[in-house]
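Each of the next two complexes has chain A plus one other chain: chain B in the first, chain C in the second.
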Partner chain A sequence: MEKIKLTINGIETEVEQGSTILEAAKSVGVYIPTLCHLNLDGFEICNEVSSCRVCMVEVEGRPALVTACSEKCAPGMVVRTDSARALNGRRTVLELLLSNHPKDCLVCAKNLDCELQFLAKELNINQIHYEGEMMDYPVDTTSRSLIKDPNKCIMCRRCETMCNEVQTVGVLSALNRGFNAVVSPAFNLDMADTSCTFCGQCVAVCPTGALTEKNEVQKVWRQLNTPGKHVIVQVAPAVRVAIGELFGMEPGSISTGKLVAALRRLGFDAVFDTDWAADLTIMEEASELIHRIQHNGVLPLLTSCCPAWVNFIEHQFPDMLDIPSTSKSPQIMFGAMAKSYYASKMGLNVNDICVVSIMPCIAKKAEAARPELSIGDNSNVDIVISTRELGKMLHEAGVDFKRLADEDFDQLMGESTGASVIFGTTGGVIEAAVRTAYEWVTGETLEDVEFTQLRGLEGIRTASVQMGNITLNIGIAHGLGHARELLEGVRSGKYDLHAIEIMACPGGCIGGGGQPYHHGDVEILRKRQEALYQEDRNKHLRMSHQNPMIQKLYEEYLGEPYGELAHDLLHTTYTAKERI
Partner chain B sequence: MQKTKFNMEILDSCKLRELDAFIEAEDNPQGRIINILHEAQKLFSYLPQELQLYIARKINMPAAKINGIVSFYSFFSQEPSGKYTISVCMGTACFVKGADAVLQAFRRELQLEEDQKTSADGLFSLRDVRCIGACGLAPVVTINDRIFGHVKEADVKGIIEEYRELAKQEVAEVAQ
Partner chain C sequence: MKLNSFDALYELHENLISLLDLRSDELQADEAKSGPRDILVCGGTGCHSAQSAEIITALREKIANAGLEDIKVIQTGCFGFCAQGPIVKVQPENIFYVQVKMEDLDEIINSHLIGGKAVERLLYTDPRTKEKQKHYLDMDFYKKQKRVALHNCGLIDPECIDEAIANGGYLAIAKVLSSMTQDDVIYEITASGLRGRGGAGFPTGRKWGFTKASVSDEKYFICNADEGDPGAFMDRSLLEGDPHGILEGMMIGGYAIGADTGIIYIRAEYPLAVYRLETAIAQAREYGLLGKNILGTDFNFDVQISLGAGAFVCGEETALIRSLEGNRGEPTRKPPFPAESGYRGKPSNVNNVETLANVASIILKGADWYKTIGTKGSKGTKVFALAGKVNNIGLVEVPMGTTLREIIFEIGGGIEGDKKFKAVQTGGPSGGVITEADLDTPIDFESLTSIGSMMGSGGMIVMDEDNDMVEIAKFYLEFTMDESCGKCTPCRIGTKRIYEMLETLIEQKGDLETLEKLDALCRTIRETALCALGQTAPNPVLSTMKYFPEEYERYAKGEVNKAYSIDPEKCIGCTKCARSCPVSCISGKVKEVHVIDVSKCIACGACFTACPFQAIVKP
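The block that comes next holds the complex of A and B.
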């Protein structure tokens, strides 16, 4: 590729043709602030709309300032990012944005986690010189998962890029024009009345408090302080490799033991592991897969752990609802077992049990509210909070997370294998299923449990696994746009697959909409993924069917995997839904 | 199938067939969405939400995107138009000569709420337009194809009454 020479702040440099000023500046250690710009390198996610104008710089010979994020370098270009004109221009732009932004930062959900707030500090804003009309929109609290406050929107369009280009859900778009422009569903519909999957990727990338999760921390506190309530908690795999970030720990720190200790400090009556239920999910899903293969059932079988993905297929592929596994997700299986098996073991009244989930995901909130995921009118799971919300709760309670000594999960629903840990990354669920299916189908001992051909971060991956005389063709997609492409390929016959794993979020649950904000740093996602694989290697048992507490559950309570009682408690149905 | 709240039955099936034919003649309907919306507005006189949703499904494009386009361009209307369209010029010359007061007078006379463009009786639609190139007549108002120059606030009541009378006569003629 041809190289171009240019000068940035007096530093001569050479960059590849087609590089932007922003990229060139970064390569010589010159920082240019950005706001709307978002490039998740390696995940095919890029928002390049140049709408915020915060990255304006001066180019010699050009009459106006240019936006560094979009302006391509040219030979001999002389760029100043720190001239008085550039600094004043950027400050003016930011002041104008702030002039139409609420100043209630102290009580905002994004306080100290807001990119607009960071910028106000970075650009040394100490006064806003502009006054004028402010936006005045109702706040949308209609969904179970997220809150949309258009008054805090700066029209960066990151959410729109996520919803349309990356996830291909197409719920959010800019409506109207000029001062009246607002990002909204069609016809200003309530979020609850749309085809939103609640994947939360709009929340994950929103730089301000315009899109946030629905905070249910107070509900948890209330339950913990209700006499007679037996409040138990489960923690999803991806939480343990991310929560440390909220307490100043390095991304990718494995803090399972601290997490258990922290939850005990909050006063939960028992601290359990969603990983235990993930092992249970594998027992059911692997049985279902083998059953479908041996009985000429519908193939491919699609994993059904990801609730955003389930919402997506119900709205976008209502004609294909016979292919997802009927297995409930691990979070819901946990709840169903807590309110049947655990209740009977402990001699508890089901109505006195409250199941709280800590999830990397905000779609899990909407999932828990699905009416069919209940026994009678008692929901399998009562309250779901995200990794971020748990962080807030721990801060509030003054728990010094970093200095906690490791503790172990409570028994009965706390034991897990390495297979369940990797549920938190793309490719993990199907690898866990393959480990178990391999031993069941061949009757042989699996020596090397790591199926590296299923790993990676490419959006769509396919691989074959030989199991005795069966060759299992496997497909994996993460990100709903990739899921769409894979499903269309299945429908058209391009792909001939036995089993497919789909996760809605980039990287799987490690990149979930309820995780600590990555603020565009994709290295954080890679480190979380590596930490999950490390946690798997740390485990003595690495195949779900080896989990002694799962074996005990089937022996003492459920009977056979994929049997009658398992069907009643651990399987579900899907509903075709009109798209909007 | 779990349905949305939109009742697609309200759309005239003959007109939909015409619209379908127009869309099906396009090689790349998504790229020609503006033209499709123009055609739809020509057929239905405005673009109700159900029609936007119909087009979205027909050409496999998010309804939010289509609604974004419809709400961006002032040429597209999401409300039915009245029999008489009153356009008040808000270009610089007209504005300086008091067009805003004239516009407000029309709003009051037609009892239009904020954001409401068409009067409750369906007779009048009110819109503001940019310069129509008749600055010598400022402030200028057009009603359908007729031009009113040097309009004052006090003239508004009379103008509206004239058109109400006209509408009554037309109804009477049709009845005969």
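The block that comes next holds the complex of A and C.
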């Protein structure tokens, strides 16, 4: 690659051809603020609309300021990021943004987690010179998962990039023009009336409080303080490798033990693990896969753990609803077992049990509310809060997370294997299924449980796994755009696969819409993923069917995997939906 | 009938030339002379809306009834003299009737066509000499014009390809295909010095060269007909008056860059232009001038029309391309330029309508001819839409280098009502005002920029002593604020804040600090906005602040009196003013002197009109 010499703030430097001024500046320790810019390198996610104009710098010989995020370095370029002109340009642009932004930061869901707020501090804004009319749009609270407050939208278009280009859902786009321009569904429809999958990737990248999860912390507090309520909690795998970030711990810290201790301090009657239910899911899904292969059933089988993915296929591929596994997701399986098996074991009235989920995901909120995932009026899962909401709850309760001593999950629904831990990353569910299926199909002991061919971060991956005389062709996609591509390939015959894992969020649940904000730092996602694989390696048991508590569940309660009672309690159906 | 060879076209052209025998400007036969005549009736949008279509139908009927068999009535494109429409021109004697109404037709037929005597009262009255003028070329409005782009407008029937061919239409593409390489064409256009007429003035030949140089299996030649400057209608008139000329320009450009698809992006608010284009495209296809193997060569080219929804910003080429693709019309950053990656990611060349209207003439008459017109840096002519407080309102085409004084005071006939000239705005909402001091500047791309305005697409709004320059700036800002796509912060929020500050000033709620802030914000927006719309949006404010600082200061200091008042000497207490006031701010009893509450007066002028005694004093 050819090198280019240029000068930034008097510092001579050499960069690779094609580098932006922003990248070149970073390499010589010059910080240039950005806002709309988002580049999750390695995840094929890039928002480069150059619309916020916060990164403007001066380039000698150019009549106007240029955006450092998009302007490519040229030989001999002389850049000033700190001239009065550049500083004034950036400050004015930010003041303009702030002049049309609510100042209720103290009570905003994004308080101290807002990139606009960071910038106001970094750019030393202590007065807004251009006050005037502000946008006045109604706040959309119609969905179960997220809240859209257009008045806080700064038109960075990151959400639009996620929704349209990355996820290909196409719900969010800019509406109206001039001062009234705002990102919204077409015709300003309510989010609940769209084909939104509630994947939450818009929330994950929104720099302000324009898109946030629906906060249900108060509901949890109310349940915990209701006499006679038996409130139990489950924690999804990806939560344990991310929650620490909210308490100043390094990204990728594994804080399972602290998490259990913290939840106990909050007063939950039992602290359980979604991983246990993930092992249960594998028992059902692997059985279903083998059943379909042996009985010439519909192939490929698609995993169904990811609720945004289920929403996506219902809206976008209504002709293909016979291929997803009918297995409920781990979160719902947990709820279903809590309100049957656990209730009978403990001698509890089902109506007295409240199941709370801690999820890295906001689509899980909408999933819990699906009518088919309840028995009568009683939902399998009652309340879902995200990793971030749990963080807020712990802060509120004064739990000093970092200093907590590790504790273990409660028995019965707390034991899990390494297979279930990796559910939190792309490729993990299918790897877990393959581990179990391998032993079941071949009757042999699997020596090396790590199927590295299924790992990685490419958007679409395919691999073959030999199981005795069966060659299992496996497809993996993460990010709904890749999922669409893979499914279209299945439909057209480009791919001939037995099993497919799809996760809606890039990276899988580690990058879920309910996780601590990564603010564009892709390393955080990589470290979370590495931590999950580490947690798997730390486990004594690494295949779902080895989980003694799962074995006990089938022996004492369910009978056979994929059997009759399992079908009643652990499987679901899908409904074709309109594409709006 | 397909024209399968160059000879077939040339033969057709020869056979058709006689169609235009009667239409020369030079032929000034006596109206008393009988014989064949062509009556040209303007069919441009302006005249159309003043019943010219009905006039044509009625004329044809009446002429047939009168048995005048050798008189033809032809609907032409725009004559440019829109304020005087509907225009009816009788050829070969070149008699120019203005503001013709249905009830005038019998007189034209009886007096002129039968009686041999022009209808005096329908002739144009020179605003300065107050004399009636019979002939087109005697009129100040036309004398200084040079019609290159508009050469077919007001001459041929735009809905008839034969008339276009009669006047040399499609001979340029024949010349290109028979004797020029792609590089020859690009060289010729570059040598002519033709620059983009859409506003920025980028050299057309160079633009074509860039697109030609991009390697791709597919390229597009796009005609930007998304004319949007307030008051500008030169592109509309060109499309309505000479659609074949634009198609031919596109074909030549398409050949030069290596494109076989042409797209015209045109506002849906131009239904007549769309209709005429559709007609022209169908006719050209019929003759094989669009489609495969044009004139028997291996050049293929066809044109499709895409309707825009009327967003001003879609005149910006990257926004136009996004809109063509079905996306929201928003500019994208450059690079990549459309020449590398445009429509559907393929190399695309975008040229404005007026630019293309010059192309065929350059090819036929040569770059050397074209270079003789204009100034050193700006060759050829420019069409302006002359409007505002000027006597002759309409479309004028002048050589580059003509002074503003010539345009306003000669072609335009001076200021309406003999008021004092105050300023002229060029470049539409992106331009600025030019004052008396610069009226003698020969206009071209560079000179207009150097005096703080710009060429833009050619809007020219004249203002007189009564115009309030702060209000003018506010008018333009309201336009850009509404037309901002909302993508970048400086334009989305900044134009709104400028508008609000102007409002504050006009309401006399601002102060000198408001002026400072206004100036600072305008300057910052100019260098931070993403596209030309945003970068130039503050220009009307900056230029009026520069040339009329005292008007801003008076507002800032609260010294502007906008209220009407009553002269107690003249008021007899008739109460008419009080009864006409919509905000009830006039008090007084019958037969007593009335008083206006200046704090409530909205300066609507209703009282002024109502008062029979001239007792109301204007602010």
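Brief remarks follow.
Definition applied: the second predicted complex is superposed on the first by the 580 of 580 C-alpha atoms of A that agree within 3 Å, B and C clash if a C-alpha of one lies under 4 Å from a C-alpha of the other, contacts with A are read in each partner's own complex, and residues count from 1 in each chain.
Assume contacts are C-beta pairs under 8 Å (C-beta built on N, C-alpha and C of every residue); 3 or more make two chains touch, one makes a residue touch a chain.
All values reported here derive from a predicted model rather than from experimental measurement.
In the superposition on chain A, contact is made by A:S173 with both chain B and chain C.
When the two structures are aligned on the shared chain, A:A576 is found in touch with chain B, with no touch to chain C. Contacts of A:N88 after superposition on the shared chain: chain C is touched, whereas chain B is not. Shared-chain residue A:S51: touches chain C; no touch with chain B. Look at A:D193: by the touch rule set out above, it reaches chain B but stays clear of chain C.
Contact comparison for chain A: of chain B and chain C, C touches the greater number of residues.
Comparing which residues of chain A touch chain B with which touch chain C, the overlap comprises 173-174, 176-177. Listing the residues of chain A that touch chain B in their complex gives 164, 170-177, 184-187, 193, 318, 575-580.
For chain A in complex with chain C, the touching residues are 49-54, 56, 63-65, 67, 70, 72, 85, 88-89, 92-93, 96-97, 99-100, 129-130, 132-133, 154-155, 173-174, 176-181.
Interface of chain B with chain A (complex): residues 1-6, 49, 52-53, 56-57, 61-68, 71-72. Listed in rising order, the residues of chain C touching chain A in the complex are 311, 313, 328, 330, 332-333, 335, 481-490, 492-497, 500, 517, 520-521, 524, 526-530, 535.
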